[in-house]
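In what comes next, chain A is part of two complexes: it sits with chain B in the first one and with chain C in the second one.
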Partner chain A sequence: MTSYLIRRVASAVIVVLGVMAATFLMLHAVFPSPAKVVLGARTTPQAIAAFNRDNGFDRSVGAQFLTYVNHTIHGNFGYSYKLNQSVNSLFKENAGRSALLSGVSLVLAVVIAVPLGIAQAVKRNSLFDYVATGTSFTLYSMPIFFVSLLLIAILSLKLNWFPFEASQASTVIGVIKQPRSMVLPVVSLTIVSVASFSRYLRSSALDNLAQDYIKVARAKGLSERSVLYRHLVRNSSLPIITLVGLSLPDLLAGNLITEEVFNFHGLGLLFFAALGNEDYSILLAYTLVGGILVVLGNLVADIALSMTDPRIRLT
Partner chain B sequence: MPHRAVRSSRALFAVLAAGAVILAGCASGSSGGTPKAAGSSGSSSQAPSNNTNTSTTVGAYGTLPAASGTPVKGGTITYPIINGSTPTYIMPILPGADSTVYNQQFEELLYRPLYWFDVGNRPVINYPLSIGKAPVYSDGDKTVTVTMNPNYKWTDGASVDAQDVLFWIDELRAAVHPVKTDAANFGNYTPGDFPDNVDKASAPSKFTFVLHLTHAYNPNWFTETQLNLITPLPSTTWAQDKAGGTQLDYTNPANAKKIANFLEAQSGKLSTYASNPLWKDVDGPFTLTKFDSGTDANTMTANPAYGGPQKPVFQTLQALYFASSTAQFDAVRAGKLDLGEVSSDNLPQVPIIKRLGYNVYGYPGLGFQYTVFNFQDKTNHWKNIVDQLYFRQAIAHLQDEDAIIKGVYGGAAAAAYGPVPAVPATAYVPSDASTNPYPYSIQTASQLLSSHGWKVVPGGTTTCIKPGSGAGECGAGIPAGQNLNFTDYYTNDPASAGLQTTQLASAAAQVGIKVTPVAKTFNFIVDQYDDPIAPSNNNKWQVEFYGGFTEGAYPTTDTIFNTGGSNNEGDYSNKQADKLINDSKFSSNPNAVQDEASYLTKNLPAVFDPNPDLIYAWKGISGPPDSFSNLTQYGFTPEYWYLTSGS
Partner chain C sequence: MTMGLGGLGPETDLLLSEPEGGVVYSEGSSFRLALRSFMENRLAIAGAVILVFFVLFSFVGPFVYHSNQSAGDLLQAHLPPRQGHPLGTDTSGFDELGRMMKGGQTALEIGLLSALIATVVGTLWGAIAGLAGGVVDGILMRIVDIGLSIPTLFIILILADRYNATVLSFALVIGLNQWLAPARLVRGEVLTLRVRDYVSAARAMGASRTRLISRHLIPNALGVVIVNVTFQIADAILYTSVVGFLGFGLNYPNVDWGDQLSDGVDQLLNGYWWLIYPVGACLILTVMAFNFIGDALRDAIDVRLRKR
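And then the complex of A and B:
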């Protein structure tokens, strides 16, 4: 296990460095310097030269990359020249809100998807199963921005049940104190995840229902309730561990569209704004955090699987 | 720094796509009390009539209501700041990266510029709202004397006086002339211009300052492009190099540099904007009471010590952040914003918000959009082709402005045939601005080509059959069999850019010109396809449409169309144009800009495109019509507004 972890961490470092190099080089290939966009179309060559000099864009790409890596290793994600703040402080301000939105949505998705998937499997080919399957496919096939816009148009602008935007509080506590304003963004994230998760659960549960241990449990006279809760649910939920692990990046960096549509201040919205401004420091930091979380999520999922399923051994 | 100083294509399209609420003057009212309903009293001699129903005005969208309702004292007025327009700097010497109309909007609510621009939807100096009175030029236009209005006070009770202007000039010099950063430290800095062109500045009396210039300049140019940069700073409280430090002699360049560094550092601490004592000392109609760097929202309250002609009647001005124009318009539809913006995408929903009680009004801002020719691209003999005036004229004849205004902008735009369009009206509009010298005509375009040696094949490929540089021939360097194929790069946002380009391509096909429209991001085009900035790409593009420029009150195209101009995207070069542009800056001819604009309109350094309206919606608030129509000129004078009873 220890050697496995060491190998995984080592490979994770390589992957993260690869992410850093790829995003850095691609950005610089498209826009060697963002000076014109940052300073405006009416800027002067002198101002552009000064900007490039101040921000190191007049150096070779290799030298710029080494500086970037060095700063990152030391926990310095750089400075946003458009927002006039350090990226560290911007991330600090926004990460908590993003994590809250994603975390609540993820938990809700799991809480809803597990029983739904199991119920569909148990009552497969019933009217309930058909309706749930149809609904899942519909929601799963809809782009999340479309779901979000529909929710706003119907539940907010038409029926006036919920605010049209998410909480504008600047702290996580402040957001928590405005639960009504978070209903629509949480719902939009949750229903798409539920649609996905429940399908995995249904398939997994169907496989498990055909397994001998379920038949044995029933033959031993266990109640159907015990069969489902003590055997089927636990064994069928293994895919959820992988799915949750893969969803970990969303906690901080995956809700770009939802945050943009619902005007919610998080890392996704920060990234969205940075795209338009060619704000290199934010773009690089965001993709780096996303890369780290993907690697971390996979590692956590693998470890969790090995701990919950004795058939899996990490060597 | 007055808002007129910022001129950029970004501003033009950003306003269309995301919206902006900027500052400017409106004329009216006495100090304090309720703003006068029809708002002309006390306005400058240039003030327009307060036409309250402009639905028939060329270029106007919607109507401009008269002031109405019973004013409510106190209350809160909300307005949007949209992604990309958040305040990022507070000290009124904006660095290049922060030099946006949005930052100007923010800081001009706190720190008044020497000269305030816009009277309603006319981009002219608004003297009643200006700290400076009309400048007096002497010594062959090499000396400028400005007397200041003594009514303006800083929060600490000190008068806004000539020393505050000299302080700003000294700090500007310190900002743009250090060893390292120089030009990028002031977004409106052009080497050789202000403050380089001020040889000496002095204050012969408390409210008078004198500038001795290095050259004689056109007085209008100097007033409206140089003096308009000035924003007096509180010299009695800001001349320090550390918090709570002693006041330094800012006339000493070393001290001025220390002060500039200190103020710059403080301006970089956004989370302290509302608490830093420095920023509490203001002379504008509002003081900053809350600034949330986490959500980009801010709150201001009325400044009772404001010395301008109209103190705010309401108490709180709240800026709310929106991630996109869509999110902002959702807020309008939900009735949550007192003032909102209407992008062209939202036009179909205008009837809905009108039913909610919103007033909607739009008008073109001063500036121009243009389809740029690249005069440097040598591929496929393009340079030789585009050098021919008849060819540019043919292309101009293929552009159907009326159809674009109707079909693309839903009527919310005005025709524009040159760099200074007929609307908005200014003193610099050429007499022929309302007449399109090259009206839409496929037939005329075809005749222009065929009379210059081209075999026109409608729907096919037009080719040169008479090479040579004589009369009736294609032109120097254009070989026999040459076709007229080119790529037109357009910005993929807003959608109107693509529609306009498609119209041109469709019309061009009818005279055998193959135009290939290719969409690129705005950032890509201004980064990569700009001859002065990216000369290595000079042979990669022929024509582009990325928007245009929001012009200053003195709309010379200096730097845009003069040879070697830093913003001359297509490297247009014409000796007569150079002379006229130079005259606009240096001659004493008061009609120099009109002459320049008129010539460029005919010589076509680019094809000029319709100028879209900037459209705003408001509800539950009222005020003089000028205080709303000036929004279309990037003006923002909320101190003239009031909440109406029942809102």
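And then the complex of A and C:
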């Protein structure tokens, strides 16, 4: 177990370094220097050259990358020339709200998808199963912004139940105090994850239902209730651990889109504004944070799975 | 089955018509088997019908239903459905139905192109990693791990900001972000196929490396790749719509459904429903058609699920 952990963490570190190199090189190719954005469209070549020299953008890509790695390791994610603020302070302002939106949605998605998927498998080929499968298939084929759009059109504009803009409060506590305004963003983000999670859970439960241990449990006279709760639910819900780890990129992407649709000020909206401003440091930092979250998510999922499932022995 | 036929009475007919090992049909090639399984799947047929409809709608439709899509008429903006404009007009005064056809062309072209790019790159990458093994495999697959750790939408948005001029450049942006999954898939497939008995048998009979790859590995790995292509087309269409919706999509004069929907959202408060629901339905149905076909193909190719 220990040697496995060491190898697994080492490979995670290598992957994170690779993510840094890949995103740095790509962003460097797309936006070589923020000089034009900072100095304005009517600047002179001399001013651009001076800016690049002062800020180190005239050095070789390799040298700039080393500086970037050095800064990042020391917890400095760079400086947004457009917003005149360090990326660290920008992230500190916005990360809490994004984490709230994504975290609540993820937890809700798991809480809904696990029982739903298992119930579908137990009552397979019933009307309930067909309706649930059909719905999740439709949602699965929908871009998340369209889900949000439908929710706004029906629940906000038509029925006037919830506002169509997310809370504009500047602190996480402030956002929590306005739960009505967060219903639609959270629901959109949740619905999409439920659609994909429940499909996996259903097939996982179906696989388990066909296994011998379920037959044994029934044969020894256990009530159907305890067969389901004591045996089926426990074993069928294991894949959700891996699934959550693997779904992090989608969650981050969904978060980005949801924040844009509902004008919720978090990291996604920050990234989105940075795209329009060619604000290189923010793009680089958020892509890296996303990459690290994904790597960590998979690492934690692997370890959690091995602790919950004794059949998996790590060597 | 040769003994005891006389004494079995009424069951004889049954036994004669159904030998002990089950009925043996002459079913032809595995391709025909897969085709039969596909045709028996109602969702697959539905998917194929929807797909054919949208191909005709997008590419033949403009020849049947004429509308001016090169210049909008601002005086005719935001018209509700009426004579001459069955689905109304958008913010720039373009006929919505004709615009949806153009958007359909974009979606299908980008979907197909980027899936092809991703599949070719990914298959080669995975096949090389799987066949080479050792250090080469390690390096190639770590690169795939790195790519898979970066949220795809972020990269697509950053690149699309610059390379959104043509369908081809946009398809490259999406395709070059999608090859990682097929690379992993093909590598896994090659690794398991390599040690199968029939491959060992072929090798023992003196088959060359080229023959092993072309006659045994590629045909057997092909199924997985084809299934993956359909899902990738669906994903690419979704990505195109998301990027278009966020305003980083294809440049004028290209039209995409996501861009149309973002125009519709701006008019949501005015209740201009015709700018949203028809386009949304096209998008969802097209993606769903590819998902249906992909699911059915997977079932058709998966030997374990095949009815014997």
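Here are some notes:
Simple rule for what comes next: the second predicted complex is superposed on the first by the 304 of 315 C-alpha atoms of A that agree within 3 Å, B and C clash if a C-alpha of one lies under 4 Å from a C-alpha of the other, contacts with A are read in each partner's own complex, and residues count from 1 in each chain.
Going forward, a contact is a pair of C-beta atoms (placed from the backbone, for glycine too) under 8 Å apart; a residue touches a chain by one contact, two chains touch by 3 or more.
Please read all numbers here as calculations on a predicted model, not as lab measurements.
Looking at the shared chain after the overlay, A:Phe271 reaches chain C, while chain B stays out of its contact range.
In the superposition on chain A, contact is made by A:Ile48 with chain B only, not with chain C.
By the touch criterion defined above, A:Ile152 reaches both chain B and chain C. Using the contact criterion defined above for the overlaid structures, shared-chain residue A:His231 touches neither chain B nor chain C, since it reaches no partner. Once chain A of one complex is fitted onto chain A of the other, the partner contacts of A:Arg199 are absent, as it touches neither chain B nor chain C.
Looking at the shared chain after the overlay, A:Thr138 reaches chain C, while chain B stays out of its contact range.
Of the two partner chains, chain C is the only one that A:Met26 touches; chain B does not reach it. Contacts of A:Tyr286 after superposition: chain C is touched, whereas chain B is not reached.
When both complexes are overlaid on chain A, the residue A:Leu256 reaches chain C alone and has no touch with chain B.
Under the contact criterion defined above, the residues of chain A that touch both chain B in one complex and chain C in the other are 30, 152, 157, 260-261, 272, 278. If you check the complex, the residues on chain C that touch chain A are 142-143, 145-155, 157-159, 161-162, 234, 238, 241-242, 245-246, 248, 258, 261, 265, 268-269, 271, 276, 280, 283-284, 287-288, 291. Chain B makes touch with chain A in their complex at residues 6-11, 83-84, 86, 88-89, 96-100, 180-185, 187, 189-191, 267-268, 270, 292-297, 320-324, 326-327, 330-331, 333-334, 336, 523-524, 526-527, 530, 532-533, 549, 559, 566-567.
Note for the complex: chain A touches chain B at residues 30-31, 34, 36-51, 53-54, 81-85, 93-94, 152, 156-157, 160, 163-165, 168-171, 259-265, 269, 272-273, 276-278. Of all residues in chain A, those touching chain C in their complex are 11, 14-16, 18-19, 22-23, 26-27, 30, 137-138, 140-146, 149-150, 152-153, 157, 248-249, 252-253, 256-257, 260-261, 271-272, 275, 278, 283, 286-287, 290-291, 294-295, 298.
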